[in-house]
Amino acid sequence: MMKKDNISKDLFIKAKVKEDEKDKIVRPKLTALQDGWIRLKKNKAAICCLFILIIIILLSCFAPVFSKYKYYETDYLITFNSPSPDHWFGTDQFGRDLWARIWYGARISLIIGFAAAFLDLFVGVTYGSVSALIGGKTDTVMQRIIEVLIGIPHLIIVILLMMVLPAGIITIVVALAITGWVNMARLVRAQILKLKNQEFVLAARVLGTSNKEIIKKHLIPNTVGVIVINAMFTIPSAIFTEAFLSFIGIGLQEPAASLGVLINNGYQVLHNYPYLLIFPAVVIILIMVCFSILGDGLRDAFDPRMRK
Amino acid sequence: MKKSALSFILIFMLVFSLVACNSNTNTNTDNTKQDALNVYVSTEINTLIQWASSNDTSFTILNNAFEGLYRLDTNSQPQPALAKDYKVSEDGLTYTFYLKDNIKWSNGTEITANDFVYAWLKQMSKEATNGYSFIMNDYIVGGNEYFSEDISAEEVGVKAIDEKTFEVTLIQPTPYFQRLTVLPMFFPLNEEFVTSQGDNYGLSADAMIYSGPYVIKNYDIASGCNLAKNDKYWDTDNVAINDINVRVIKDCGAALNAYNAGQISKVTLQSTDVPAYKDSEEFHSGSNFRTDYIQFNTTNEKLSNVKIRQALSYAIDRNVLVDVILADGSGTGVGMIPYGMNGDGKKTFRELNGDINTFDAEKAKQLWAEGVEELGYTPELTILVSDENVVKTIATFVQSQFKANLDIDVKIDSKTLKARNEIMDGKVSGVTYDMAITAWGADYDDAMTYLDLWTNGTPYRGNYVSDEYNSLVAQAKQETDNQTRTELLLQAEKILCSEDMVAAPLYYRGFAYLQKPNIENLTVHSFGPPIEFKYANFK
Amino acid sequence: MFKYICKRLLYIVLTLFVILTATFFLMNKLPGTPFDDERFSMLPPEDQALVLEQYGLNEPVYIQYLKYVQNILKGKFGESYVYAGQDVSDVLTHRIGPSVLVGAQAVLLGLTVGLILGILAAWKHNTGIDYFTMIVAVLGVSVPNFVLAALLQYFIGLKWGILPVAFWESWSSSILPSIALSVSVIAMIARFIRTEMLDVLQQDYIITAKAKGLSKLKVLMNHAVRNSIIPVITILGPIIVNIFTGSLAVENIYSIPGIGSLFVDSIKMNDYSTIMAICICYSAFYILVILVTDVLYSLIDPRIRLISNRAE
């Protein structure tokens, strides 16, 4: 044990700080997005998945363009060819090149996924934030509506909608979005309610910041994380649902294809031409795996407290 | 901690209740015996009520559990069944059927001529919800009037002369009438039993009595039914297989798996599986009297030009379709009437009329160019199809042929069968179709079953109205001389599929199947009742 | 509590009513009618009209709707358009059994395997079994169950000949579909339990227990597992519902005479009364499952208050 008086006051020298630097924040100012990105970069698996996803997206954009074959081009002399240097993934029942079809299909599936997620986001965020920001009676009514909607089984409504509306990508997107936004709305509302009561918002208000500024500067940036994470899970689930609908025969029209349509066609001939099922299945699984790991990574990065 | 104990208890309760409900179904014993034949059907057995049944699956069961005056043999020729003989009057209008003496329902009641009168009248009335009333009403005196309730049952041309004699009076001579009696709509029903069951008739196995080689032991719409030999059947000694299990397997891939795993003895192959099994000893194929064709809407502005329609027909290489895409024994659609269908009694209809619809890319291009010029613009066409897998495949093929040979992009619009029909029937206001892929399966072995269809000028038949065509068919109906009658029908087909190009035949539906080598004489017919278990036996 | 449940029940009735209405009007927009087939269109128009009249299909939609609501209040689902002479409730009762059997087995299997995997993974954190569990967890939610079902049927049913392929006859027919459906449950449960456990294992009371000298296994079983299992109930509801919807494609592959395939068929055939009945039953089931899990959870975990539970 050291004695207290062993330490003399002269050992301490008062630091000299300029008067105007006392308030300075040394750490570089980071937005929620930048902060999250820095943390995400440390997660190797997530970065790897992001990379694979980018490759898949690039392939789906450019592979159909640069391929020698068009996704709808039939050639009855080469039906059911196994993978070869000429047709990397082989050909289907109509002699169509599977490589071209898979990337075209992936493109459609991704478009459906992103569009559905975007619509979800748009409707959900608007609904959720309006409900949370206005509050009071409006909030109560809007919440009661959600309570009712949450009990509706999605798939049933999606299937019915698919049958009622004219077939096509837009229909699928609309059907998925109509049922999908409720979850997003609930999340956004909860997040905003939580933020509204926090000290920094109170502080901003005390300082006389306008409502508009509070929403712009504080609420939106802090909600982005929740929104991005949720969107990351909406995209694959939309792709999944589309594949499921195509599998049960309620999907796109020939010669257009999505991964679901290709899987369905492949399943029909699984016995003799398994590659027709395996290739599209591998692509869809890859997309799903990457989105799921990346989604986890993003959640960890944006909201470390939510890590689960 | 007590709360988590509660959670354990709850979870275990859940587990046990589930296990308990498992063990209930566990008692379902497997009743496949050594001498049982296992087959499958690809759709649910919607109903077994004779006057409500309209699909092949129901017909399959009905045909084996019930019987009519005649039954098709292994060569698809009608042989006396409940009837021992029949007589036709000189003018060909009165048929007298004589029933066998020793025929009984499965509950021991005698089968009499009255059972036929009751069943036929029911089929001719509005009570019949299967849409098959026309198959009697078009032929039998008073049928249509009875349907619209203008006359009483006594005035209709079906009579029980005595217990064993049944007399039918026809509107016009119908050379194929005896062949019609093999259809399930013509099977007898016991009035006393049917009325005693009331609304329950046909809903379960014990709410029916049977007249055919088999009785139904149990019946479930969605999973199938089990048949057992009917010991009251007059020919029961010649029925070889004791038990038949009919299962519902909707998925083609699953059915093939089940066959390969030995669970079923016969499986229909999809086209895509044919190449792999073509050389197998178990491989067989045949074809149905069923023509898939493109119906053009002749009143649609874009397709009102006959050259356009002809160009479209010439642009399709049907041989590729049949050999490469289908490859299942389907026949090239060279005319509306399928191969093998009766012509003048000596030759088949197809042999007499030759190939009407052929592939000719040059001619197609030329006709298309002329048609476009006459029309004044290049029409954008859509082809309406139902969402069944086979039909979608055909549509994709046809689409690619139009692209390759006429350089036009035709859209495919696939709808559910009901939705497609609604549009084709012109019931959706403001919506008409350009052309549609549809099919017709023969009800009986005569070209009339096809050619009669285009006489009514409905939207479904492309709004086709032609006095020339209609008079040819009408004359053929009146004609008693077989030779002249055939001539008229040959002429009608040429007008339909070539001169006026109302419908472009694509192919005659074939079926390729695998069958275990230990089974023989499991007969499949190309029209009417689909399959006969009666003659089947194990080697 | 009682008040809460009453309130929830009120919402259930309201939700069901919304579903009933939405489905009814959507369904009326379905192209076609149950009668649109080739034979029907060959009948003279006046006869066609007669048939439609018989089923009340010629009346304006709102009248049909009011009549339907009236029947539902009396507990009548009406007669099927496709299965001649069959009452829809009879058709449904025949079909519910197989769906429930397969679904329940899948949930049960998924729960058991998922729990074991999750616990092992957390216990042996950062070892082979942990990585294996994580791979299963990611793949399990990424492989569409119909792809899995098809592959299982092909390999286990056909190539190895262990289990029946596509015959709905005995209990053994339900094994493969149950496995196919259970994989996503295994994935979700294992992942959930693993994270919960890792969380719990860092809590002070675990350290205390260890400090008291309890054996590792005892600490795990008595403290860690018990506390991590409770929250599983929150995700059980959605999982159960997922399984029962997801079975739709799997039912087709394994020829299971269940509700899922009936639903798709009835839509394609425009079997109005069956569509309505399935939608109503299905929604009721869905809502009840959510309610039950909410109530169960609040009973088990005193920290959760029902009212705030739903809002966040």
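For reference, chains read A, B and C in written order, and residue numbers begin at 1 within each chain.
Operating definition for what follows: contacts are C-beta pairs under 8 Å (C-beta built on N, C-alpha and C of every residue); 3 or more make two chains touch, one makes a residue touch a chain.
On a predicted model such as this, the values are computed, not experimentally measured, just so you know.
S.K.: Centre of all protein Cα atoms: which chain's centre is nearest to it?
M.R.: Central chain: C.
S.K.: Looking at A-C and B-C, which pair shares more C-beta contacts?
M.R.: B-C
S.K.: Using mean CA coordinates as chain centres, what's the chain A-chain B distance in Å?
M.R.: The computed centroid separation for chain A versus chain B comes out at 49 Å.
S.K.: Take the average of all CA coordinates in chain A, do the same for chain C, and state the distance between these two points in whole angstrom.
M.R.: About 24 Å separates the centre of chain A from that of chain C.
S.K.: Could you give the separation in Å between the centres of chain B and chain C, each centre being the mean of its C-alpha atoms?
M.R.: Result: the chain centres lie 37 Å from each other.
S.K.: Please set out, as single numbers or ranges, the residues of chain C touching at least two other chains.
M.R.: 30-31, 150, 154, 252, 267
S.K.: Among all residues of chain B, which ones touch two or more of the remaining chains?
M.R.: Within chain B, the residues that touch at least two other chains are 253, 257, 387, 416.
S.K.: Two-or-more-chain contact residues of chain A, please, as numbers and ranges.
M.R.: Within chain A, the residues that touch at least two other chains are 163, 249, 267, 270-271.
S.K.: Help me check something: in the complex, which residues belonging to chain A touch chain C?
M.R.: These residues of chain A touch chain C: 143, 147-153, 155-157, 159-161, 163-164, 190, 236, 240, 243-244, 247-250, 263, 267, 270-271, 277, 281, 284-285, 288-289, 292-293, 308.
S.K.: Which of the residues in chain A end up touching chain B in this complex?
M.R.: The contact residues of chain A facing chain B are 72, 74, 76, 79-80, 93-94, 163, 167, 249, 253-255, 267-273.
S.K.: Per the contact definition, I'd like the list of chain C residues that touch chain B in the complex.
M.R.: That would be residues 30-34, 36-43, 47, 50-51, 82-86, 91, 94-95, 97, 100-101, 104-105, 108, 111, 150, 153-154, 157-158, 161, 164-171, 174, 226-227, 229-230, 233, 252-255, 257-258, 261-262, 265, 267-270, 296, 299-302 of chain C.
S.K.: Would you tell me which residues of chain C are touching chain A in their complex?
M.R.: 11-12, 14-16, 18-19, 22-23, 26-27, 29-31, 138-139, 141-144, 146-147, 150, 154, 192, 195, 199, 241, 245-246, 248-249, 252, 263-264, 267, 275, 278-279, 282-283, 286-287, 290, 310-312
S.K.: Hey, which residues of chain B end up touching chain C in the complex?
M.R.: Interface residues on chain B, with respect to chain C: 1, 3-8, 10-11, 14-15, 18-19, 21-22, 25-26, 28-30, 32, 44, 46-47, 49, 52-54, 126, 129-132, 134, 147-148, 199, 201-203, 220-223, 247-251, 253-255, 257-258, 260-261, 263, 387, 415-425, 427-428, 438, 440, 456, 458, 460.
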